[in-house]
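Worksheet: one structure, shown below.
Which chain is which? They are A, B, C and D, in the order written, and residues in each are numbered from 1.
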Amino acid sequence: MKKPIILVNYKTYETSYGKRGLELAKTLERVSIDTSTEIIIAVPATMITRISQEVSIPVYAQHVDGLPEGAHTGAVLPEHIKDAGARGSLLNHSERRVRLDEMDDALKRMKKLGLESVVCVDRYELVVPMGLLYPTAILIEPPELIGSGVSVSKAKPEVITNAVKEIRKVEGVYLIAGAGISSGEDVFISIKLGSDGIGVASAVMKAKDPKKVVESFVLEALKAIDQK
Amino acid sequence: MKKPIILVNYKTYETSYGKRGLELAKTLERVSIDTSTEIIIAVPATMITRISQEVSIPVYAQHVDGLPEGAHTGAVLPEHIKDAGARGSLLNHSERRVRLDEMDDALKRMKKLGLESVVCVDRYELVVPMGLLYPTAILIEPPELIGSGVSVSKAKPEVITNAVKEIRKVEGVYLIAGAGISSGEDVFISIKLGSDGIGVASAVMKAKDPKKVVESFVLEALKAIDQK
Amino acid sequence: MKKPIILVNYKTYETSYGKRGLELAKTLERVSIDTSTEIIIAVPATMITRISQEVSIPVYAQHVDGLPEGAHTGAVLPEHIKDAGARGSLLNHSERRVRLDEMDDALKRMKKLGLESVVCVDRYELVVPMGLLYPTAILIEPPELIGSGVSVSKAKPEVITNAVKEIRKVEGVYLIAGAGISSGEDVFISIKLGSDGIGVASAVMKAKDPKKVVESFVLEALKAIDQK
Amino acid sequence: MKKPIILVNYKTYETSYGKRGLELAKTLERVSIDTSTEIIIAVPATMITRISQEVSIPVYAQHVDGLPEGAHTGAVLPEHIKDAGARGSLLNHSERRVRLDEMDDALKRMKKLGLESVVCVDRYELVVPMGLLYPTAILIEPPELIGSGVSVSKAKPEVITNAVKEIRKVEGVYLIAGAGISSGEDVFISIKLGSDGIGVASAVMKAKDPKKVVESFVLEALKAIDQK
């Protein structure tokens, strides 16, 4: 994972799969190359193979089950996503929560396979408890702002500030800020407040011109890093 | 769906993904062609694209969520599996139960997309309640026999007999028998008892020679149909 | 269960427990006696003993687990609620959904113990599938209207009409209408449309004068029955 | 909470409710008085009122939901159990897991109400993550030994030893050992290894003479403390 972290969660928007999902990946790859900045995309399980075959940017799953190989109908295993070309996975998104023991199982298996992991939390008090399981990064997102267009950076900057304080107690884990991020300014503030990057979904997935949106995100992220 | 129904659930066995998962699909395709019999395979979400690009037999997902497009991180939508090349999906496997309202949502969306559906139940009393949501087929499996090597056909033939009686109350829905099916004889008995086919997992996924196993399943299934 | 069915779900409102929960039960008992009409109250698990010791109206649980006696920490068994004095239980409320196999388990155990059961569904298509498990009654509630103050009787009368048609296919199961019921008129319409009674929560639990509210419900219910 | 901690989880055994549940509570109260040692009992939700009215030993719930008062049919709130006479609750038992955000919600509400809390974990790696939410105690139980009659003290002493090391990183949280505890010797070893007490279920709930069993537990616990 490279800073600034720009993570685009495809979710299951109508632009998340098929030709449109693939086109978007190519668009984001172009931005990534043009700006020499890593852009991570978390795509539906069925799209991992197709997208990772066509683009060079890191592809994540949106969820994995921490189960071993065996009789687990319907599960998506760390082995499956790695085999399909993923570099890592989101875990514990507010739309797909995971129990703590299952999370620990999943993270242990992902580490063995060399997969990266971004664990979501909804409050700063959980940054250290989750951080102590040593994912690659913690993504903090107040759920009430997700998809709202009102950004955590502006509406609840103290969530980021507090999370940044907490993450320092856990060595080697990145902190990503998310929820309602919609403008380059939101990105700039998030990083100035101390986060290592941002997570975004609707602002990109529903954009008329996603290239323009993500370009401004990346440019403001780089500007914020420069000023530190 | 064509009779006899032979449904192989890949689950998440070590043979379910990667090269081995693909090779197995090709092997089963050969059996299907040689015997002019449809063999359905239910594969991990990440494998649907790869396998359906390489083989002509019907590929199913093992689970779908009945959610609309939108903000549903980690979900596998009917639209996703169709786009990836699946012809249908399992639903409500004992390893991945679904609430009745979610099942109704999923089935309605699957029908709109022209996807087939196989809904699992664990007891004959649920054949009609589930059948009234009109999936393509009901798969009855006593959970205690799943993966046991002791087949429902021999250990609990009355489960099949009762389920066959029940399915007749619901027009146009097939009945598949499963759990512990491991020999051609198990398949023969299941169909003689009135089922439209069989579901199998471990007996194929863990077989040294899956071709031989499935061939005997198909031949005995055809023999049972002939004798009706 | 006696018609008209008037079912008050205490939920976990601040008036649902302690002295206030008990006082409300006594108030509703008085209305029940004055009008010679049965009023069922579904109360928190911790309140079943206290309330059923003090009032003569039927007390229900809000949920039971269909598990046998044994190692099930945190479960509320049919045996527990019966022993505590309950006459039955709600099941599958939209705020506490239950899988179909668990529902079948729970209903079988409840019948053995002579407990009544009210199974909630959110759409008329599920009236027959759920009805075929033969609970005492089905309570139909479009979830989007629950607690809204906009009643199913006025906003979606066709939900009741369709559910009434469906319930006739299942012998001996009552149909109750719910969601947003707030006035005597809502109750009157619900029963005129063919339901056997109504379910209510917020309109009673948050009322300044619950006695007056429930009295008007009962009187309008009796009027509707008279006019049939 | 007083050391040694002796916690008896009633679960939903046939001895957990009704007269038998009440008699057992009185029996354990006698042992508690005779030995001047606190014995905590975690009872079914429906039994909290009855038992806490009749005995002076601390009564716990087996689970609470971290939800606020309102529209939550079937939930058991911290307010409910406190009102019923409980002094605290188990949380996150392997038979009733809770998500981390729900746990944080529940613990915050329980603290406001002055309720004690015992959070279960299945592995020592989770002692600190859970401990940082500051419950009254952590109960460590390898799930495969629960109800087995093979005690954690003998079969997996390193689980206790490691958990003891971990709990020292979190100030003011007790450590309880559990799973398969069946003899006074098991209790003695657990406390010698550094735990503050033990959790037990089947060995008491299924005992012919629970008095004798718990007496030996308490005496060995006191002996172990003396020797420290």
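Miscellaneous remarks
Rule of thumb we're sticking to: contacts are C-beta pairs under 8 Å (C-beta built on N, C-alpha and C of every residue); 3 or more make two chains touch, one makes a residue touch a chain.
This structure is a prediction, so every number in the text was calculated from the model and none was measured.
Each step here moves to a touching chain, and the least such steps from chain A to chain C number 2. The chain with its Cα centroid farthest from the Cα centroid of chain C is A. Of all residue numbers used at the contact between chain A and chain B, over half are used by both chains, marking a mostly same-residue interface.
Once the centre of each chain is set as its mean CA position, chain B and chain D turn out to be 44 Å apart. A straight line joining the Cα centres of chain A and chain B is 35 Å long.
Note on chain placement: the centre of chain A and the centre of chain D lie 38 Å apart, centres being C-alpha means.
Residue positions of chain D touching 2 or more other chains: there are none. Looking at the complex, you find that chain A touches chain B at residues 9, 11-14, 16-18, 42, 44-50, 62-63, 67, 69-77, 79-81, 83-84, 90, 93-96, 146-147, 201-202. By the touch rule above, chain C contacts chain B in their complex via residues 97-101, 103-104, 121-123, 125-126, 128-130, 132-133.
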